[in-house]
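As structure tokens, the structure follows; a few thoughts come after it.
Labels run A, B, C and D following the written order; every chain starts at residue 1.
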Amino acid sequence: MEDYEVRLVKVAVYGASGYVGGELLRILLSHSSVEITAATSKRFSGMPVHKVHPNLRKVCQMSFVEPKVENVANAEVVFTALPHGQSTHVVKTLLDRGLKVIDLGADFRLKDPSAYEKWYGFKHPYPELLEKAVYGLPELHRDEIRTASLIAVPGCMASASILALVPPVKNGLVDRSQIFIDAKIGSSGAGSSPTLEGYHPERYNVVRPYKPAGHRHVAEIVQEVSNAAGGGIVIGFSPHSVNIVRGILVTVHARPSGRLPSFPDLWRCYRQAYDKEPFIRLVRDPTMVHGLPDPKYLMGSNFADIGFEIDADSNRVILFAAIDNLVKGAAGNAVQCFNIIFGFDEKEGLTFPGLHPA
Amino acid sequence: MEDYEVRLVKVAVYGASGYVGGELLRILLSHSSVEITAATSKRFSGMPVHKVHPNLRKVCQMSFVEPKVENVANAEVVFTALPHGQSTHVVKTLLDRGLKVIDLGADFRLKDPSAYEKWYGFKHPYPELLEKAVYGLPELHRDEIRTASLIAVPGCMASASILALVPPVKNGLVDRSQIFIDAKIGSSGAGSSPTLEGYHPERYNVVRPYKPAGHRHVAEIVQEVSNAAGGGIVIGFSPHSVNIVRGILVTVHARPSGRLPSFPDLWRCYRQAYDKEPFIRLVRDPTMVHGLPDPKYLMGSNFADIGFEIDADSNRVILFAAIDNLVKGAAGNAVQCFNIIFGFDEKEGLTFPGLHPA
Amino acid sequence: MEDYEVRLVKVAVYGASGYVGGELLRILLSHSSVEITAATSKRFSGMPVHKVHPNLRKVCQMSFVEPKVENVANAEVVFTALPHGQSTHVVKTLLDRGLKVIDLGADFRLKDPSAYEKWYGFKHPYPELLEKAVYGLPELHRDEIRTASLIAVPGCMASASILALVPPVKNGLVDRSQIFIDAKIGSSGAGSSPTLEGYHPERYNVVRPYKPAGHRHVAEIVQEVSNAAGGGIVIGFSPHSVNIVRGILVTVHARPSGRLPSFPDLWRCYRQAYDKEPFIRLVRDPTMVHGLPDPKYLMGSNFADIGFEIDADSNRVILFAAIDNLVKGAAGNAVQCFNIIFGFDEKEGLTFPGLHPA
Amino acid sequence: MEDYEVRLVKVAVYGASGYVGGELLRILLSHSSVEITAATSKRFSGMPVHKVHPNLRKVCQMSFVEPKVENVANAEVVFTALPHGQSTHVVKTLLDRGLKVIDLGADFRLKDPSAYEKWYGFKHPYPELLEKAVYGLPELHRDEIRTASLIAVPGCMASASILALVPPVKNGLVDRSQIFIDAKIGSSGAGSSPTLEGYHPERYNVVRPYKPAGHRHVAEIVQEVSNAAGGGIVIGFSPHSVNIVRGILVTVHARPSGRLPSFPDLWRCYRQAYDKEPFIRLVRDPTMVHGLPDPKYLMGSNFADIGFEIDADSNRVILFAAIDNLVKGAAGNAVQCFNIIFGFDEKEGLTFPGLHPA
């Protein structure tokens, strides 16, 4: 790492006033080998960053600049955090200029161009970039990430789901056509623009189904699980809004492919997959209050906590994954990819472990 | 109803200092045809009720009395709200004295005595009472309730699950062996005794799996769905603690038994089942924020909101039911049974509709 | 009451889609002597009421109508729940037509026309109506309310503050020039239109000063306390947003006017003032968890809980009042006034006691 | 700093299973110049730390050890985080052995031994240590801290109150006898042992006065403000429990000592006091949602945010301070003192800026 400490990698954040953009800034500001050259915002251009992200007062001296390619062009890497459908041209231009791009939107996650028509309702203008883009989940694609010039950071609920599913599906412990994901997510997952759905009097105390059929993240999940574990994947996916700001828990209800796996079977398969992973923790400890994954303890952290149960009565395996949707589900995962690309310690900038209690 | 308005039915609440007991008192105090003769509490005997249930200050002038049969013997009906395993002898004694009993614990819900050994770990001392007891879900057992002397009020998560499941399973719209229930529940479901799990610093912000395999409510659910819709029922059931005090949402992920049902199929089957039910509301309105069931709007209410979605991509039906766990999931449902037994309007005492917002 | 049960008073709610309007509907629907003839909403005209207020599904069969005087003209009483500054002309027109008006906005609360210029920034077009309007706090103005044709329902934080302050100030227990009110309020107090301040990710978890100097409610408080207890009133008033939806706690820090009052002094003064009040409860019980007022137990209730402490070390009296801002702080209080005007039992429609726990 | 990076200071945490102890571990684990030699816990001795503090899984490999002096004796510094009254003997023993002690309890905060009898109800066994102890608020006592062997870390609400009060009182902007502090605090301030008051169903949604007269923290506040700004200090202090886990806001209502100060007066006085302070931020920006201090944005951070308003109508100055009660209000402040003692950068281990949103 010594070499890199000498020079700072110049990075820019394109779309820095949203919640993911704010987390990118927070993390990158604490990164020992990074210089942030620009943070763009259409709406807040000219305004000090800390006026939008009050946690960065006295930490970040920057002001937002206009979202123009020239404003980020002197960086080596641009993190793009834009609403769906708005990244395509920006990313293309940046790549053409020779920059690396780590995109946190959905525009480059799916490999199949026609999937964009089905799930996102637009014809993708750069299908060739879809081939080039690497799905930025280090636990699955570390080697490709290392040499990628375009990273498509996974959707928050997709990351959690994929991390829980791939090892047991790949190991044949779970029937690939009998997978039901029930996700629970905090309000920050809906972005930073006020809505009636998100208004505190309407959002507090909810346990509210949110697109229980047809949520777009399922497309990524099926793609990546298929990619890792072979075809025939059928996944039912239903998220719910719950009364927290940050955090996701996915609960996977699945049938075994053959006999019901044992606890050692599941431990073994997850350990094998994740033993060397810096950000995966296996959590299953029936003696403790915190004995299964819970996003409560992950706010601000890049950890993904994975756990499981076995239900012999219903011949069912239950898999859990908890993350902070804005960190391992977005900005933290993006910086982890960045660290891989530039050969830094993967944990650089990402050591905050979360809080107990919070 | 006129006849009944003349005389007041004498009722007692045995175990009135817990959360269910408090709700029984609140509801019965507003009931036009009831006189509460006693509210027992071991721990708070001698203390004014409003010191434990502060909402009842100036509403309830009673003090708790010792939990002795003599203290409730002059009532016609006793509501027993005791921890699991503590109701059996009390109920037996009260029945022997000729009183009617509406039991809110689990001790008389299961028909099969051996099920108590499996799920609750004790040998049931009065198997003959299990036969006699009527499972107190008016939507399924109204006629039996009318003449029952012992009502076993359903478990909170069981009520919601059964109400969502029975119509589509009975109508053959759902594969009876492919049913996965993912429940989310507030902290009041754990009772009124402080625990580390329930301590605010540890409980706030959680999305925490709670007995994701082997939760006891599944026994009731299987019993009642089987009873209504025939055998072969296999149900995977996993509850989660979420950051609310009151409320349950159950999300049922299920396979169709044949072709995927249409929306009209599901509407029709639920309407047929529930059209005349005073406390069931069908909620499915994609144009609105509140377009699917959400316990947020049910605090204090006896309504059960039922909704559904169809997911062609994963060949899946998704069913929802939301209730207030302490009302339709316990005390309100108990009073509804009481109203049926005594021929009152089923809604008497139960008209509070919940709050918007809350 | 028998006479009144025969005829129903026709009432209309002008501005029924907001949170106060929704509560008016909820309460009036449960009122035994009321017929609601219209519920207006500019934005939701034509839409069923329950689509906006989901708690009223199956309870309210009405649809919103256009906010036009003709639509409410066949009522005897109109409840107007409009943003500040929008009531003046509507109210004038309704009064001219001979209707009674119970206004829940701020447009008729202040007696001094010039106060509107100072605090609300507009010149009041109908100063003569300010004289005519009765400040709708039954505990202070019951007799005037009885014969009023125009009621100005107090601001939510003003109600709580006035109820806590008047007895001890009037009795000379508190120095009228040394009064500091620190208020805490839930998110529903800001109305039903989404804002960035109120967006769940920004509003959850806050303890946020909200207009700590110059909040408009102070004008009403000073007016009413002066009116009841004489001049020379100086009040510092600072509200804070806290992480609840419904509820207000006001904490008054005050100096004694002479020697520090004793607990019996304070009990006596409040008892004298409020002993016959149906909705005031004195709460001071150091032995209990719920030993001082707390809005937690008041959701949906019209109670105002009043309590106090004495701090000899700092020569200070501390007064507390807790209410549900939408009920005793708005809609419930309005219906209480309505009951007084029409000679109904003051508690009619207002018996819901709140929930424990919630 | 290079010199210090070579050697690691050995530290121990005595009382490491509580919330303050957990935060000490979290912060010290991220400190580049620290080696933690022991973490004691009576109750969890032998158990891995991460079983109690789940955020430290994979971060902390230690297990708790018995709380014995021998177990911490090889450290240079011991952080003691024990309930009130339990530190005195432990601290005495550790000091006698030549260790430095940073105590996070209340046992050494007050200078006057008789104050312990009044406020804490015990006769202090080591009054000579009270003289020796330095009140660990770097903003007031940095120089004394540098050479201290015993630090008494301030109470959480005391830190916030003192930081808000000292500059304006010292500068004569505020009348020293007219100070009213209204504090709001999260549930973690009550410690890690479950209670009925803190049980989620009873604690969620509260706005609950908590010892509104006679709270012990007032003794420290008066001591320290007097110490900094001279005698005659009279402070009324009333905390309230609010529905968050972490965080304190103190709102100070105060009279000016002479004419009402202007905004520039207040800015100047705070800037003068805190301009070089690494952890004080002045927050007053009426154009922004986050325009005044709010603990929401401080979770996990050592910042103290200070703000103010002026209310000409009531001749009042309003001062605000927000902190995370477990960080700047306890563990973070303790480590800041530690950094001062050992000549480290004061920010070492304390750079986490808090989260937006959270």
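Structural remarks
Following the convention adopted for this analysis, contacts are C-beta pairs under 8 Å (C-beta built on N, C-alpha and C of every residue); 3 or more make two chains touch, one makes a residue touch a chain.
Keep in mind that this is a model prediction, so the values were computed, not measured.
Considering the contact criterion stated above, the chains in touch with chain B and with chain C alike are A, D. Of the two chain pairs shown, A-D and A-C, the one joined by more C-beta contacts is A-D.
Measuring from the averaged C-alpha position of chain C to that of chain D gives a distance of 39 Å. Mean C-alpha position of chain A lies 35 Å from that of chain D. The distance from the centre of chain A to the centre of chain C, each centre being the mean of the chain's C-alpha atoms, comes to 46 Å.
In chain C, the residues that touch at least two other chains are 19, 188, 196, 201, 204-205, 243-245, 294, 357-358.
Interface residues of chain A facing chain D in the complex, by the touch rule stated above, are 19, 22-23, 26, 29-30, 51, 53-59, 188, 245-246, 281, 283, 285, 287-288, 290, 294, 297-301, 303, 305, 351-358. Listing the residues of chain C that touch chain A in their complex gives 19, 186-188, 192, 194-196, 198-201, 203-205, 243-245. If you check the complex, the residues on chain D that touch chain C are 178, 180, 182, 184, 196-197, 201-202, 204-209, 212-214, 218, 234-238, 240, 242-244, 247-249, 251, 253, 289, 292-296, 299, 307, 309-316, 318, 320, 322, 357-358.
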